[in-house]
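What follows is a set of notes on a single structure, which appears directly below.
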Amino acid sequence: MANKKIGLIVGAGTGLSASLARKFSGAGMQIALASRDTKKLSNLVDELGAAVYSCETSDPKSVRDLFSSVQLDLGDPEVVIFNASKRIRGEITEIDVEEVRDAILTTCYGGFLVGQEAAKIMKRVGSGTIMFTGASAGVKGFPKSATFAMGKFGLRGLAQSMARELHPQNIHVAHVVVDGGIHSEGTNSFSGEGEDNWLLPDAIADTYYHLHTQHRSAWTWEIEVRPWVENF
Amino acid sequence: MANKKIGLIVGAGTGLSASLARKFSGAGMQIALASRDTKKLSNLVDELGAAVYSCETSDPKSVRDLFSSVQLDLGDPEVVIFNASKRIRGEITEIDVEEVRDAILTTCYGGFLVGQEAAKIMKRVGSGTIMFTGASAGVKGFPKSATFAMGKFGLRGLAQSMARELHPQNIHVAHVVVDGGIHSEGTNSFSGEGEDNWLLPDAIADTYYHLHTQHRSAWTWEIEVRPWVENF
Amino acid sequence: MANKKIGLIVGAGTGLSASLARKFSGAGMQIALASRDTKKLSNLVDELGAAVYSCETSDPKSVRDLFSSVQLDLGDPEVVIFNASKRIRGEITEIDVEEVRDAILTTCYGGFLVGQEAAKIMKRVGSGTIMFTGASAGVKGFPKSATFAMGKFGLRGLAQSMARELHPQNIHVAHVVVDGGIHSEGTNSFSGEGEDNWLLPDAIADTYYHLHTQHRSAWTWEIEVRPWVENF
Amino acid sequence: MANKKIGLIVGAGTGLSASLARKFSGAGMQIALASRDTKKLSNLVDELGAAVYSCETSDPKSVRDLFSSVQLDLGDPEVVIFNASKRIRGEITEIDVEEVRDAILTTCYGGFLVGQEAAKIMKRVGSGTIMFTGASAGVKGFPKSATFAMGKFGLRGLAQSMARELHPQNIHVAHVVVDGGIHSEGTNSFSGEGEDNWLLPDAIADTYYHLHTQHRSAWTWEIEVRPWVENF
């Protein structure tokens, strides 16, 4: 395991995170997965030999412990992907103030905590890739979606600031705007006409991997992906 | 006092907030000012007959109490302006995780708490104006400024979402991007060449007031203001 | 007439241009109107004492002649507003190449020709305001609207470049994004529910005038206006 | 040759276009190159077996003839890349009106003519990829660069409108924002510190190719590329 490069995916579920794990593993990397709930990741442990960690992304100590464990067990991650978020819908006058705070902290502050720990390692090593999963809610504030707007706009601001700061230090920071619903095993049957309304997570993962492999003379800090049939 | 319309300015200091208070007071409104530190507002009490309240914008109870007090003392505010923020500069790897959380909660979550209370009143009344003070940091993520980027991007997302949701309910929501430093009494002597590097708070206040007076057939949700000499 | 300040509106029709003429005339300015078809402007001549000129905005000589005539007849314009455009709808594979070229030249190149002549005068005088009427089509490229997208995106690029170049020379350049249909005398009866789907041209003109009066310490280069009920 | 897929690059020079030709040729495609001046392309004919055509992109007949010749000689192009532009720098009051018109027509209208012919073929075939080379000047209007701003903003508007219109018809339209100078054989010696100021054309071509290969469930309509050291 020592000679493999390491990719850490935080906020791992069974949809996009699983596809990212398979893509980067298929390219020869050792995968570490972190999630609040690690039970759902057991099949990726078997399939990919992934290491799995429990992490609460909005808790500074939990995030620090995650990075310490990964470094101890596997080594310095070359790729870190932040894929966690919490979404609440409701009229501005109806949403619960505690749930809103929790969602902002998970979606945006959690991205900061993970990005900060990743940057500490990569600045020492002298290179690396940090990627954040954004949403159309991060570039357009929809009605009845103020909570997700705050979290995802904030995450985009973080990514852009980090890109401007860290690119000249040879650390590639990217923000992937996923515009639409991602198909996953939990989604109702995937066939027939409805198919075209979903992003396939394997297809999204191809673009994450392309960003990681870009030559530094032509780095991208942001990219949007959406289904061909999507109105945007 | 009963017949005057009421304007509430949250996050009041001696710079922009004082100019906003003077502008809206000069247009015939009763002004309420809320700030963490109310001492610095005493001259506006004398000058404008403003009511002054202590408020911690990131604390739900403190914000609810503020609105209750204003309604009890003065009545329903027709204009609510959120003007609070906290700024931390530093490399992404150096900034303190507790200070970052506190800054996000003050700048973005505080805007939500104030906006939510304002919206509750204005939906009942059937009209009103809510304005948020943004910054260039809310549309561009600068290096060594990840904290302010998260807070101000998030605030912009909130404002855009609220504008899309509340405009059709006859509530005008606007986000003013202040691009540059605002001259205030604390700023070193204001004369000579340096003058042109600052935004004059009275000039900014004129644009806030214009937004408030726009006919609803041609509402603006966002406007940027910057000094004529500013590179942007 | 010699002591009045002069405002020139190019691309004048009976909708927004008439409201702009009334607003700036009401503020004490002498109005000059230029249009391909001057017949429809006769009532503004009577009502406001406006001077009227024939102009083809995509023809360099015609635009130069216009400015020469205005200067000879009235003097240097302090405000110049470009309000002309040509719109073609149709699938990308169906639109006529000659009509597309003509539309780009009228909408975008015409704005350049007018802006260039205005800038020559204002650089000599040392001040002035140049305003361009944009559209939502200039910030979002809609399907079956490639022609208008090219023209209005191009016009926005012109306005932004001129703002960055001329603001430090004390010339205010602004781009007003009109997002929606403007009510005019030609529009079917204006009453009842349908009312809220239109921008009232008098309301838009108020915002143009506010931009013109902004103090240069807090200039805006772009503003959007849309009806309160509009989805955006 | 009959069984190879065909890629057409319009506006071909020795920099980015040569790298695009090599990349898509290396992936098994037959390359057609079109340029105002075909002499400089002779080495690509030898190296890649590329077909070369003379074309004036702002002339409708010349563009139609190009597509007719390519179809007759090679077949329907599956990929069409528009890479032509004309750039003029100068103060808004100094630039020549004829040169400005010519530049807008080459940069933006030329993109339309090429995009329209490509769309006609691809709608008939039922699939294809159309890519436009943009510039940072197409998203930010720089001072003394009004001409390029108009051309490149307009081209971006075209690309966005075409993407919204054609994606649901299974035609992928993408706009690549090249933010910085592209290194080419004409550039002074490429070594030492200066290296990092340039985009390597081979690196840019990798991203064009990735966009072409994206699964339609996760299509990108726009991407920016810039050197790691670039301030943006």
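Should a chain be cited, it is by its letter among A, B, C and D, assigned in written order, with residues numbered from 1 in that chain.
Criterion: a residue touches a chain if its C-beta (ideal position, glycine included) is under 8 Å from a C-beta of that chain, and two chains touch if they have at least 3 such contacts.
Everything numeric in this text was worked out from a predicted model, so none of it was measured.
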Inset, instruction - Average the CA atoms of each chain to get its centre, and name the chain whose centre is farthest from that of chain C. - result: A
Legend entry - Interface sides of chain B and chain C: same vs different residues, half threshold: same
Inset, instruction - Report, in whole Å, the distance between the mean C-alpha point of chain B and the mean C-alpha point of chain C. - result: 32
Legend entry - Euclidean distance of C-alpha centroids - chain A vs chain C, Å: 45
Inset, instruction - Could you list the positions in chain C whose residues touch two or more of the other chains? - result: 164
Legend entry - Interchain contacts, given as pairs of chains that touch: A-B, A-D, B-C, C-D
Inset, instruction - Report the residues of chain B in contact with chain C in the complex, numbered from low to high. - result: 164, 167-168, 170, 172, 183, 196, 198-200, 202-204, 206-207, 210, 213-232
Legend entry - Partner chain D, residues of chain C touching it in the complex: 60, 91-93, 95, 97-98, 100-101, 104-105, 108-109, 112-113, 115-116, 119-120, 123, 137-138, 140-146, 149-166
